[in-house]
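Pasting the structures in now, so scroll down.
Two complexes, one shared chain (subunit A), two partners (subunit B, subunit C).
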Partner chain A sequence: MRLYTAVVASSFRRYATYRAATAAGVFTNTVFGFIVAYTYIALWDQRPHLGGYDLAQAMTFVWLGQALLAASALMGGGFQEEFQERIRSGDVAVDLYRPVDLQLWWLAGDVGRAIFQLLGRGIVPMIFGALVFDLALPASPLTWLCFLLAVALGILVSFALRYLVALTAFWLLDGAGANMISVVLSLFFSGMILPLNVFPGALGETANALPWAAILQVPADVLLGEHQGAGLVGAFAFQVGWAIALLAAGRLLQSAATRKVVVQGG
Partner chain B sequence: MAANDAAFIELDAVEKVFTVRRRAGWMRRERHEVRAVDGISFQVPRGEVVGYIGPNGAGKSTTIKMLTGILVPSGGRLRVAGIDPSKERTRLARRMGVVFGQRTTLWWDLPLRDSYALVRRMYRIPDDRYRHNLERCVELLDLAELLEVPVRQLSLGQRMRGDIAAALLHDPDVLYLDEPTIGLDVISKVKVREFLREVNTEQNTTVLLTTHDLTDIEQLCQRVMVIDHGRVMYDGSLAGLHAVGESERTLVVDLERELPPIEGVPGARTVRVDGARQWLAFPAAASAAPIVAAVAAAYPLVDLSVREPDIEDVIAKMYAERSG
Partner chain C sequence: MAESQLYQGLRAYALIVGMWVRSTMAYRTSFVIMALGNLAITALDFAVIGLMFSHVDALGGFDLAEVTFLYGTSSTAFGLTDLAFGSMERVGRRVRDGTMDTLLVRPVPVLAQVAADRFALRRVGRIIQGVALLGWSLAHLDVNWTWDRVLLLPVMLLSGAAIFAALFVAGAAFQFWASDAAEVQSAFTYGGTTMLQFPPTVFTTELVRAVTFVLPLAFVNWFPALHILGRPNPIGLPDGIGFAAPLVAVACCALAGLAWGAGLRAYRSTGS
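Take a look at the complex of A and B:
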C-alpha cells in the first residue's frame, strides 16, 4: 500500500512541475466557462427551468464542468496517452517485470494527477465563476463533503473507462482512434455539453444510466442538492457499481492483453 | 540452495517461436513462423558474469525476455533460482534487476531521487539497506550531482548510470543488462564497468549482459556465449573465442618515411600500406611486444598503436570457418 501512496505523491509532484501548463489550463477553463455560461444564459432565457434547473443551478453546472474537466479527465488524457505510448514502444515490458499490479499502479498515478488538477485547475475557475455569476452553492459542509466523495468516485469511474480505452493499444497499437471516440462519448454522456436531465425521454434515461453520468452529472447533482437521503445513497451506489464493474472489466482485458504479449511477443 | 548455485540460471532446449502474418497479395495473409530462439541450453552458476553476444536479431533480447518472465517459452525448460519465470513473474521480479540500454525504468519528469524512492517502495527495501545501497551507487556511479535533476534533463550516460543504480538498489541475485554501455562516453563506460565488477565481487550477483562492445566482455565476463539464429554458436572463454574465430589484432606503425611493405617479422604480416603508415596483423592471443621489437629493430619507427579485433569481425570469421 505504501508503494501506491508513494506513486500518488510522486504523480502529484510530476504534474505540479508544469506550472505554465497549469496556468494555461486555468485560463482556458475560465474563458470556456464564460462562453458556455453565456450560451446557457441564452438557453435558459428561452426555456426557464430547463431540465428542472433554475439559472443559478445551470451556471453552477457550467463552472463545475470547467472545474472538473481536467481533474476528471473528461477530455481524456492523464495516464492514458503515456500508457498507450509505452505499449506501442514496448516500454510496457519494463512495467511488466516490476513486482507491481499494473492497474493499481496506473490508478495510483491517475489519482495523484487528479488531486493536483482538482486543486490546480479546479478551484480558480470556480472562484471566477462565483465572482461573476450567481451560483447555487450549498451552505452545508456535509453537502460539500458528499460532493467531494462523488467527485472521487467519478474520477475512479473515469479512470476505469480510460484504462479500458488505453488497453486497446495492445491490439490497435495506435490509440488515437479509440481516444477520439472515448472523448466524444465522454463529453456528451457525462453532461459536459448539456446537463443530462435536459434530454427528454429514452435518450435522457439511457444517458443517465451510462457510466459517464457518474463522472460529472452525479457530482453536480450532489452539489446542487438534487439527491437527498435515499436518493443520495442511490447516487453513490450507481457510481460504486459502475466503478467495480469497469475496474473488473479492466482486469479481464489486462490479463488478456498481457497474455497476448507474453505469448506472442511485444 | 547449494543445488541451485551450480545452475542458478538453467535453460534446457528452450525455444521461442513467433507467428508473423505477412501480406501475400490482395487481402491474403500468410502465417509465417519465426524461430527466434531455437533450442538453447546452458547453465550459469551463481556469481558468474556472462557475456551474451551475437548479431542483431540473433535472439539475445528474446532470451532475456524469457528469463525475466515477460515471454513464455514455446518449448523447453527454463529456471532462474529454481523459479519458472513466466509462472511466477512477480516473485522472481523481487530477486532480479534489469537494465535495457534503450529503455528507462526511471520516471521522466521526476528527479532521480524520487524515482529511487519509488523503487524502494516497489521492492520493499529496508531503510538501512536502501540508504547503504543508494550511498554506494551515488559514490561509485558519481550520481551526487544528479540526484535532484529530473530524468528528462540527464544526458544518455547519466541516465544510464541512474538506471543501473535503480536496478541494484534492492540487491538482486541476478542482473540482466541489455547493452549497458551503448552510446556512453569513455569515462562513463569505465565507471559502469568498475561498478558492475565491484557489485559482482561483493554481492556475488549473477550477471548476464548483452553487448556489442568487446571491452565490456574483456573486462567483465568470465564467460562468453555467442548466439545466432536462435542457437548457441560458442560457449567458453573470450580467449577461446579468439582462437575459434582466428581473430587478429592489428599493429599500426608510423615510419619515418614511405617504405615498401614491412617484411621478415615472425608471426605478423603486413596487410595495408598508406604512405608512411603500415598495418600489421597478428593473432589476437599473441603478444605484441616481440613484433614491436622486431619492427623497431629493422625500421625507422616514429609511432605505433595496437587495435583490438572487433567482436563482429570475430563472429563473422567464426561463421566463415563453419560454413567454409
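Take a look at the complex of A and C:
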C-alpha cells in the first residue's frame, strides 16, 4: 500500500513539473468553455428548459466539462500511450517481473495525475466560467463532497476503460487506432459534447446506461442536485458497478494477453 | 535563389510525406482503424449540430442548411491545413528532447521538415466530411448564385486554409520560446474551427470584433459566407468585406513567416 501511495505522489509531482503546459491547458479549456457556452446560450434561448436544465445549469455543465476534461481524461491520454509504448517495445516484460500488481501500478500513477489535473486544470476554468456566466453551483458543502466522490468514481471508471484500450496494444502493437475510437466514444457518450439528457429518446437512454455516463454526466448531475436521496445512492451504485465490472474485465484481458502473446524480444 | 529554395522545400516535403505514408502502412490494421476513427470523430462533431437542430429550427437565426454551410466551409479549410501542417504541434517536443538539432543540419528547409514530420494521411477524413457537408448544404441553400458568390466560394476555402496555416506556423514558432505550451495553439486552431462552425450571431459582438481585428479568424469563412448567404455583417462592416479574405490570408502568412524566422533564430539547443 505504501508503494502505491508513493507512486501516486511521484506521478502528481511529475505532472506538476510542467507548469507552462498546465497554463496552456487552462487557457485552452477556458477558450473552449466560452465558445461552447455561447452555442448553448443560443440553444437554451430557444428551448429554455431543454433536457430539464435551466440556462444556469447548462452553463454549469459546460464549465464542469472543461474542468474535468483533463482530470477525467475525457480525451484519453494519461498513462495509455506510455503503457502501449512499453508493450510495443517489449519493456512490459520487465514490468511483469516486478513484485507489483500491473493494473494497480498504472492506476496509482493515473490517480496522481488526476489529482494534479483536477487542482491545476479544473479550478481556474471553473472560476473563469463563474465570473462571466451565471452558474448553478450548490451552497451545501455536503453536495460538494458528494460531487467530489462522484468525480473520483468517474476517474476510476475512466481509468478502467483506458486500461482495456491500452491492453489492445498486445495484439495491435500500435495503439493509436484503438485510442482514437476510445476518444470518440468517450466524448460522445460522456456528455462532453452535449449533455446526455438532451439526447433524444432511445439514444439518450442507451447513453445514460453506458459506462461513459459515469465519467461526466453523473458527477454533473450530482453537482446540479439532480440526484437526491435514493437517487443519489443509485447514481453512486451505477458508477461503482461499472468500475468493478471494467476493472475485472481489465484483469481478465491482461491475463489473457500475458499468457497468449509472445512479447517482442530485443 | 529564393525560387529554388521553395522548390527544394516542396520536394523535400513530398519526399518526407511519402516516407511517412509508407511507414504508416506498416501497421495496416491500426491505420484502417485510425482512418475510420478520424471520420467518426468528425462525424460526431457534426452530430452535435444535428442533435441541436432536433430541438430547434434555427440557431442564432440561421437554419440547418446555413449552419451546415458554415460548418462545411470551416471544416474543409481546417481539414486542408490540418493534413498539410497538422504535425507542427510537435515542434515543442523536438525542442525539449533535442531532436530539433537533427533537422537543422539537414540541407532542407526546416519548415518543410517540421510540416511533413509524422504526416498523418488519416486526417484526410476531415476534408472528406467537410466537402460532403458543404455539398449537402449547397443543395439545400436558397441562394441567388451570382458570379461573385460562385467565385467567392473556392477563394474562401483557400484563404481560410491559408489563415489556418499561418496560425499553425505561428503557433509552432511560439513553441521555440515556450516548448511546453503546445496546447495554446489548439485554442486558436481547434477552438477557431469550432467557433466558425456556428453563426457569428451566436457570439457576443466583442468576440466577433476580436476575431476580426486581433486574430482575423472571421475571414476564414464568416465574412465571405455572410456575403454568399446575403446576410448583414454583425459588427457593421461593409458587405464586400468577405472579398478581403485573400488579402488577410497573405498578410497572416507573411507575419507567420516572420514569426517562424524569429523563432528559429531564437532556438537554443538543449545540448543533449
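The rule is short, and it goes like this: the second predicted complex is superposed on the first by the 260 of 266 C-alpha atoms of A that agree within 3 Å, B and C clash if a C-alpha of one lies under 4 Å from a C-alpha of the other, contacts with A are read in each partner's own complex, and residues count from 1 in each chain.
Just so it is clear, a contact is a pair of C-beta atoms (placed from the backbone, for glycine too) under 8 Å apart; a residue touches a chain by one contact, two chains touch by 3 or more.
Treat the numbers as computed from the prediction; the structure is a model and nothing was measured.
Engineer: Would you sort A:A178 into first (subunit B), second (subunit C), both or neither based on which partner it touches?
Structural biologist: second
Engineer: Thinking of the overlay built on chain A, is A:L3 touched by subunit B (first), by subunit C (second), by both, or by neither?
Structural biologist: First partner only.
Engineer: I'd like to know which partner A:A21 touches here: subunit B for first, subunit C for second, both or neither.
Structural biologist: After superposing on A, A:A21 lies in contact with subunit C but is clear of subunit B.
Engineer: Go through the superposed model and pick first if A:L148 touches only subunit B, second if only subunit C, both, or neither.
Structural biologist: neither
Engineer: Among the partners subunit B and subunit C, which is in contact with a greater number of residues of subunit A?
Structural biologist: C
Engineer: Does subunit B (first) or subunit C (second) touch A:F32, or do both, or does neither?
Structural biologist: Second partner only.
Engineer: Residues on subunit A in contact with subunit B in one complex and with subunit C in the other?
Structural biologist: In subunit A, no position sits in both the subunit B and subunit C interfaces.
Engineer: Can you check the complex and tell me which residues of subunit A touch subunit B?
Structural biologist: Residues 2-3, 6-7, 10, 13-14, 17, 90-91, 93-94, 96-100, 261-266.
Engineer: Residue numbers of subunit B touching subunit A in their complex, please.
Structural biologist: Where subunit B meets subunit A, its residues are 16, 18-19, 36, 62, 65, 68-72, 86, 89-91, 93-94, 96, 98, 100, 103-105, 107, 109-110, 114, 117-118, 121-124, 150.
Engineer: Going by the contact rule at the top, pick out the subunit A residues touching subunit C in the complex.
Structural biologist: For subunit A paired with subunit C, touching residues are 18-21, 23-25, 27-28, 31-32, 34-36, 38-39, 41-43, 46-47, 50, 172-178, 180-181, 183-184, 187-188, 193-194, 198-200.
Engineer: Touching residues of subunit C toward subunit A in the complex: what are they?
Structural biologist: Listed in rising order, the residues of subunit C that touch subunit A are 27, 29-34, 36-38, 40-41, 44-45, 47-48, 51-52, 54-56, 58-60, 178-184, 186-188, 190-191, 194-195, 198, 201-204, 207.
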